[in-house]
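Presented below is the structure to which this report refers.
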Amino acid sequence: MDARLEDPVAAGLAAQADEAAGGRHQTLWWRLASIALFCGAWEIAGWVPINLAFPTFSSTVAAFFEMVGDGTLLKAFGLTLQPLIVGLVVSTLLGVSIGVAMGLRKSVEWMAAPIFIVLQAAPVAAVIPMVTFVYGIGLTAKVISVCLLALPVIVLNSYKAVANVNPSLINMCRSFLGSRWQQIVKIILPDAAPVIFAGLRLGISAGFIGIILAELLITPTGIGDLITYHRAVANYAHMYASIASVIVFSAVTLSVLQWAEERWFRPEKKGS
Amino acid sequence: MVAVTRKFPRDAHGEDMSSLESIISVRGINKVYSGQVHALKDVDLDFPAGALTTLLGPSGCGKTTLLKIIAGLLEPNTGDVLVKGRKVTGPGPERAFVFQDFALMPWATVLRNVGFGLELRGVADAKRNEIARRYIEQVGLGGFEDKYPHELSGGMRQRVGLARALAVDADVLLLDEPFSAVDEQNRRKFQEDLLRLREIERKTFIFVTHSIEEAVYLSDRIVLLSRRPGRVSQIIAPQIDRSGTPDEIRRDRAYLDTVEEIWQGLRQFVD
Amino acid sequence: MTLFGYRLPMMSSLILWCLIWEIVGRLELVLLFPPFSGVLAALVDLVQTQKFWTATWTTISTFCIGMALAIVCGVALGVLMGRVKAAENLLGMWVNVFASAPLTALIPVLMILFGMGAKTIVVSVFLFAIWIIALDTQAGVKHITPSLIDMAKSFGAGRRDLYAKIILWAALPEILAGIRIGFIRGVKGVVIGQLLVSIIGYGELFELYSRSFLMEDFWALTIVLFAFALLVAELVGMLEKRIEYYAGVRQ
């Protein structure tokens, strides 16, 4: 089965693969129209209102700028990003190593694959509240939450990447008398790099989920704190603004990664 | 079953090849895939040094399998491969392979791809690039050293593969249907270039193709393999005067007769 | 991999891991992990309690309703985006954003809008699952070879026939793949929803176990959940296999 379908960005790209290159301007207008549609619908929903606790788009934007202005939003992001970044770095280093090892050695594959397959498919979120009992409510627990969600994704993608290296290239290397080490370093790793990078992107996406979960389930800090606090005092516009800011932040980060992935790894695969 | 006939032919330079040493020999080769598919059965062949021998046959006759066994990329179930009289298992520096799907590293430039065989041997950068550039010129890709495979056409990619195989200065070049993924005009051009190349590089060539015309056009010896399980069914040496222009060769009486003869022999294997 | 010449099946290392779990538990190396045997015993006890089955019923019913809605709406949305360019241009960006976004952040909003009950959970499941279903459906629909559609039209197929007999079937492999992933995300949605709401279903149970530090019950419940998620994925996977025979030759 087409493995690209597991990756929402790739599925989205696959769906748009037949876009004519000549529509650049058009795309921009459509984007703007799309945003206008969304914001317009939001504004109307807030006016109606569909619920007393549902703020309009404009009041949410106002709240957003207010929080940016008095620095609370930036401070909150700072607190949230700390465990996120630490967790992602750990997950990347550990995850790529394990995944590549799994692709290269059958014994490692046998031991590790079932664990990570289970971890990826299962709702690991259930375990997060438990984590605090052993590791407290501080940075460690949150880093572990991020790792719990990001690591399986990165491992399985790295493993897939190595396992699906073009066998013709490996044969070619063998035919020119390349040693196993040369095969790994000169052929397998470069050929697997694009998929490994895509896995990192998916891992980062999962990491965001992990940190939000941690902040909502364990103890609120950073953005989670903003959300919980404003909800408690019924500042709905501020609450929505906090939520929207984290979603926008994650969307922007993933877009940048996608752009980087296309630029560095895919010029030869564009259009295929 | 067609009787095995061995004719000791004359090579492209008119020399009687029976006197030539066999640079590669295979003895008693059997290859069975996953217990069921019997790809090759009791194959015995000699490949004279300096000649271009073609393995020809219908789909599934095991010609690529045999070529890969000679290259050392596949292990036969029984039998031996002898290079210059000594038994070998696995690839070696005296044999170089040209792949049907080009097998170029998409992340590397033409220069690096051509020099890859040398890179694996630890040849120093400067020397390696110098050799690579020479062969890039020789196959007609001068000026494309810094391009990437996705910027090249199919025909050009195959030239890179060919240059890479030439650069390691092996004694035997093994080519696995090298022109099948290339369009017709380029294919003809390649065939003509290959003939010209043979004048310059006095190497042994072992060629796999399913095109009868290509085989007759290029080869000193044609080995016909039968349908699975592949056995040697006939060996033919086209006695063609290759001194004329390409067009003249393709209209030469002997050329046409040989093609017809082989076609009649292979007809029985068409579905 | 092979050991002493015997081919070991893929998931068999889980047995080894359970053994390791048992040892770690016995030696009390990590507080979080009681012996595996204790967890199994708790599991046996658990499935005999009324509380468990009430919670399971809540979970399964909200899950099924949410998924059913997500599948219907997701496939419809995907087909729309795949066939109508304007829809793709207007909606595509948002579907993509929401498919990768940390939807967990939206659950506090849902709790306000829909209360602290089953409704919120259904909406959680719906939101978690729908985006990937829509995206994969869209991809499937867009990849249908135009000649197949031309063929149907040339034999006089009306719009209804076109969609029911050609488009849905041609895109079915991708749709099923999307639904399989949608199921997995839906399970995450139902769990996270219940964890945050924490007064119904499994969320309530988890809350209880965490507060009282009943590690064995906690892991027993977790295993039930994990098994459920994997089972659901396997079932859809089997469905996918049944139509695999034509998935590869559609071009």
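Couple of notes before you dig in:
A, B and C are the chain letters, set down in written order, and residue numbers restart from 1 in every chain.
What we mean here is this: a residue touches a chain if its C-beta (ideal position, glycine included) is under 8 Å from a C-beta of that chain, and two chains touch if they have at least 3 such contacts.
What you see is a predicted model, and the numbers here were worked out from it, not measured in a lab.
Most remote from chain A, judged by the distance between CA-atom centroids, is B. Closest to the protein's overall CA centre, chain by chain, comes A. The chain pair sharing the most C-beta contacts is A-C. Inter-chain spacing, taken between the CA centroids of chain A and chain C, is 18 Å.
Each chain gets a centre from the mean of its Cα atoms; for chain B and chain C, those two points are 53 Å apart. The mean-CA centres of chain A and chain B are about 49 angstrom from one another, to the nearest whole unit. The touching residues of chain C, counted against chain A in their complex, run 1, 8, 10-14, 16-17, 30-32, 81-82, 88-97, 99-109, 112-113, 131-132, 135-136, 138-139, 142-143, 173-174, 177-178, 181, 184, 187-188, 190-192, 195-196, 202, 206-207, 210, 213, 215, 218, 221-222, 225-226, 229-230, 233, 240, 244, 247. Those residues of chain B that touch chain A in the shared complex are 71-73, 91-93, 95-97, 99, 101, 103, 105-107, 116-117, 119-121, 148-150, 164, 168. Of all the residues in chain A, the ones that touch chain B in their complex are 166, 168-169, 171-179, 182, 186-187, 190-191, 193, 267-269. Within the complex, the chain A residues that touch chain C are 1-2, 5-6, 8-9, 11-12, 14-18, 27, 30-31, 33-35, 37-38, 50-51, 53-54, 106-107, 109-115, 117-118, 121-123, 125-131, 133-134, 205, 208-209, 211-213, 216-217, 223, 227-228, 231, 236, 239-240, 243, 246-247, 250-251, 254.
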